[in-house]
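After this come two complexes, each holding subunit A, first together with subunit B and then together with subunit C.
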Partner chain A sequence: MRLRGSAFVMTLYLLFLLVPIYWLVNMSFKTNTEITSTFTLFPANFTIQNYVTILTDPSWYMGYVNSIIYVTMNVVISLTVALPAAYAFSRYSFMGDKHLFFWLLTNRMAPPAVFALPFFQLYSSVGLFDTHIAVALAHCLFNVPLAVWILEGFMRGVPKEIDETAYIDGYSFPKFFVKIFMPLIASGIGVAAFFCFMFSWVELLLSRTLTSVNAKPIAATMTRTVSASGMDWGVLAAAGVLTIIPGALVIYFVRNYIAKGFALGRV
Partner chain B sequence: MDKTQNNKAWFLVLPVLVVVAFSAILPLMTVVNYAVNDTFGNNEFFWQGLVWFEEMVTSSRLHEALGRQILFSAIILAIEVPLGIYIALNMPKKGFWASVCLVLMALPLLIPFNVVGTIWQIFGRVDIGLLGHYLAELGFDYNYVSDPIDAWITVIVMDVWHWTSLVALLCYAGLQSIPNAYYQAARVDQASRWAVFRYIELPKMAGVLLIAVLLRFMDSFMIYTEPFVVTGGGPGNSTTFLSIDLVKMAIGQFDLGPAAAFSIMYFLVILLVSWVFYTVMTNLDKEEGK
Partner chain C sequence: MALELQAVSRVVKGQVHIQPTTLTLEKGTMNVLLGPTSSGKTSLMRLMAGLDAPTTGRLKWHGQDVTGVRVQDRKVAMVYQQFINYPAMSVYDNIASPLRLMGKDRAEIDRAVRATAEMLKLTPMLARKPLELSGGQQQRCALARALVKDAGLVLLDEPLANLDYKLREELRAEIPRIFEESGAIFVYATTEPEEALLLGGNTATLWEGRVTQFGPTPTVYRQPADATTARVFSDPPMNFVSCFKEGHRMNFGGTANAPADGAFAALPDGRYTAGFRANHLHLNTHSGTAVEFRCTLGVTEITGSETFLHLTHGSDRWVGLVHGVHDLTAGAEVSVWLDPTHVYIFDAEGRLAAPAGYAMAA
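Right after this comes the complex of A and B.
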């Protein structure tokens, strides 16, 4: 009986999550006249014209390419700098470590709106405005602290004896770190990468402020096209559906890690 | 775990320090600079002292935005945390359906913020949206573009839709780490469902729950994109939260001085609350370690 109650609750909740998404997908297959003139639960004149528009127009599909480039760069940078730091925090106590850790966390809490304008000026003055690396670095502001936080949680779970044994066996620190330690916390790295991907992929305010043409992310392309050409609902919906797909793919690949990772680590 | 005292560990932290300093300290200094000076462009600055701060502290516009912001964050937490726990308790523990639930629930988390806004915009509109259409057909006078109450409801439901899964997933992870023996012991003692929840599940979830509350508080306190896309801060100023107001001030009107002073106070408020959470959290960790 209890099982059926749970199933009922979950079904209700999942419906609540999926109905708005369904409406978006539904609308992406309709023509604009159908959207505005009639109200239909299913597309009456099924069309893929909206998707064709996006996939054949460089100003649309380059948005996806740009987004993926800077998200990837951000994940790589964040993890590279966060791994040694998380190791330091989990293994050693050093002068000012607690304060440093908290200071890092505060950056995760900083409202992007506060940083938007200074970022714009900073990156303009060093000539990085409208490049992928600028957005990737800007997103490090919240992703690096998060990655350090998650990884530290995982690393604390690895017994220290492993480090000591490896040193006795004659491993140098870098070799030990890459060959032995990283495989041990592989799921932690996976979870950290997932969160970095997620927060970089969904962020709009900074990525929009820091780009104009060459590195413009898809999310910003959407807002601008809407204001420029009136309301092209069909294309807008199709673009929205296409932004969901990369996220859905990532979730599908890490689905077994998520539960495990959440439980082991802190986030 | 005992930690070795080793100041050389600073070298391992150095890369993080450099990256974060470049993307945090430099911009923050710029903000401080704007907050105490007046500028007419051309890099000419005139010392203003605390004038902007005084102006901001006494501005009713800021007070209203702050009030709305606190109300919004409070409502969000009050709905999402209990609902998240409830959903986590009802999720299948393992097997095919557990994976399905995980994937579907994580889906809203990975949708770019403005697309979330777009989804709810086209979902709620009276002329083309499923929700708006049916509410109108049922006789509700629902229109989030012109009615402040409807706008608030839309923004809150949207946030619940967007973020409850995060709370639920975190709690779910906390639940997964409870050994089965605990439940068996409870069954032997004939503990009620409520007792199991109160004395086994809740304490075990406390750690992750605190993280969930912290994350949700911070993110709802700096929410910008979703309400901006859906309501644009309107109707009037009814859904203008702190970030929206700040961006309006800094980029829309280019009042850099007041905006910078505003930013610093905004940041300090978040810092203060986060510090409280962080202290509670580290104390909790220590207690668990004992």
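Right after this comes the complex of A and C.
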């Protein structure tokens, strides 16, 4: 009896969790007429036309391409910068290291809106407006500190004696870092990359402010199409579904380390 | 071929970790650094390895100054108390990694790795990852990596401290054999006097960052240069009692008198401190020359066939180690006997004034 009770609660819980996502998927396979006129739990006229629209119209699919480009750039830049920084924080003590380390985190606390205006003006004046690198760099503002914090936590768990043993064995620093050290914190790198990906992928305000046409992200495309020619509900829903997929894929790969990542590597 | 430390010291943030130390470790010797926790064993070892730079002084290797040389370019190997291996590599790759960095060819590496693995009984584990091994095997792997490169200087920093009793005994018995085969200078840090005695070779006793004595292990044990060395190189620590000499009479602790003959004969009259080891206290007397002390018994610890007595004599706290199981009540008055030939006499500065008679005979 108890088992059935808990199963019932669990089912209810999952149902509530999945309702919005189900509704999105449901809508994406309906026609606009069906969406606006009637209430149906399943698509009455099942159609994949919405997906076809997105995957054939450059103004839609380029949104994904742009997003993927700047998110990838951002992940690469963030990790390249954060790895040595985190190593320094975890291994050396220098003047003001603790303050600097905390100050990094405070960057994460500022709302992106604060930086939208200065970034817009700055990137416009140096000719970076509407480029992928502009968005990638802007997202570094909060992704680099996050990556440093996560990686530092993982690196602290590696005893310093491993570094020294490697030096004694004859490893140079770069060789040691790539061959010995990075495999040891591989899960940390994975988690940091995931978090950078996630925040960059969902961030809307900065990416919309800093782009117009050439680097316009999918999230911006979605919000801008709303008022174009009435509401194209079906296409929007399909775009939403396609936006969820990359995140779901990435989260699958780091699922075992997410908790440690949320604790900034300090578990 | 030797490692020379010339007035090497290390000061970190105003704190003296190593007092100026001059030591010469000869080729093919086993050298034990013996001292309690935070006495500077590891600090001294890190200076020898080149992991830390000395604040003052020079290090010479084969007569060449290596003070500023990078650790990668020195021919050293080190094993830590913690089991340090490269977790991402197999045991084979762990052992092979120093050789690969030297640019040796495959066949040669393979031969060296297999020979070293054989010596350390790691052959069946070569394909496994270090973290899949037991503690003893992990430490063997670390030892193998240190030995395979044929370094002239092998530093072992309490390598057995994290192992359980049985494995420790086993591996400790092997270390002298490994050392014989390698022909390198071995430096072995330990907190246990027993370990130093089992390993033999030379011993340097450390106390608060200072090498108090360096010499052949039995000599340091039998003829400690000062009270500090005697305290460090004695487990349980050496017992002390104040004493004085007056003519032909030696007085210990105010109550016990003994004739001032043998080693004491040459001492000038005056006040001294007498030191003796726990195992030289007896609960009964066999010789007429033994002196008696009345002590208050604190705790007794029975370890199978031996009994530790924690005694209070006046303001001094002593530990006695007697054979057999003695069931004594705490707080009782007990008589303990001490043969004066087992007593070391230290002067007011703590320097050895007269070694124990038995030590001179040995």
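The rule we apply is simple: the second predicted complex is superposed on the first by the 245 of 267 C-alpha atoms of A that agree within 3 Å, B and C clash if a C-alpha of one lies under 4 Å from a C-alpha of the other, contacts with A are read in each partner's own complex, and residues count from 1 in each chain.
Note that a contact is a pair of C-beta atoms (placed from the backbone, for glycine too) under 8 Å apart; a residue touches a chain by one contact, two chains touch by 3 or more.
Just so we're clear, the structure is a prediction, and the values are computed from it rather than from any experiment.
Visitor: Would you mind checking whether subunit B and subunit C clash or fit side by side on subunit A after the superposition?
Guide: fit
Visitor: Of subunit B and subunit C, which one touches more residues of subunit A?
Guide: After superposing on chain A, more of subunit A is contacted by B.
Visitor: State whether A:116 touches subunit B only (first), subunit C only (second), both chains, or neither.
Guide: A:116 contacts subunit B only, not subunit C.
Visitor: Rounding in steps of 10 degrees, give the angle subunit B-subunit A-subunit C taken between C-alpha centres.
Guide: Reported to the nearest 10, the angle reads 90 degrees.
Visitor: Mind working out whether A:128 is in touch with subunit B, subunit C, both or neither, as first, second, both or neither?
Guide: neither
Visitor: Between subunit B (first) and subunit C (second), which, if any, makes contact with A:62: first, second, both or neither?
Guide: A:62 sits against neither subunit B nor subunit C.
Visitor: Pick one for A:167: touches subunit B only (first), subunit C only (second), both, or neither.
Guide: Second partner only, subunit C.
Visitor: Rounded to a whole Å, what is the shortest Cα gap between subunit B and subunit C in the overlaid structures?
Guide: Value for subunit B versus subunit C, nearest C-alpha atoms: 9 Å.
Visitor: In their shared complex, at which residues does subunit A touch subunit B?
Guide: That would be residues 5-6, 9-10, 13-14, 16-21, 23-24, 27, 35-36, 39, 41, 77, 80-82, 84-85, 87-95, 97, 100, 102, 104-119, 121-122, 137-138, 140-141, 144-145, 148, 156, 160, 198, 201-205, 209, 218-219, 222-223, 233, 236-237, 240, 243-244, 246-248, 250-252, 255-256, 258-259, 261-263, 266-267 of subunit A.
Visitor: What residues of subunit C sit close enough to touch subunit A in their complex?
Guide: 49, 51, 70-72, 76-78, 80, 82, 84, 86-88, 97-98, 101-102, 142, 145, 149
Visitor: Touching residues of subunit B toward subunit A in the complex: what are they?
Guide: These residues of subunit B touch subunit A: 1-10, 12-13, 15-20, 22-24, 26-28, 30-31, 86-87, 89-92, 98-99, 101-115, 118-120, 122-123, 127-131, 133, 161, 165, 169-170, 172-174, 176-177, 207-208, 211, 215, 218, 221-222, 224-225, 229, 242-244, 246-247, 250-251, 256, 259, 263, 266-267, 270-271, 274-275, 278.
Visitor: Within the complex, which stretch of subunit A touches subunit C?
Guide: 159, 161-162, 164-172, 175, 180, 183-184, 186
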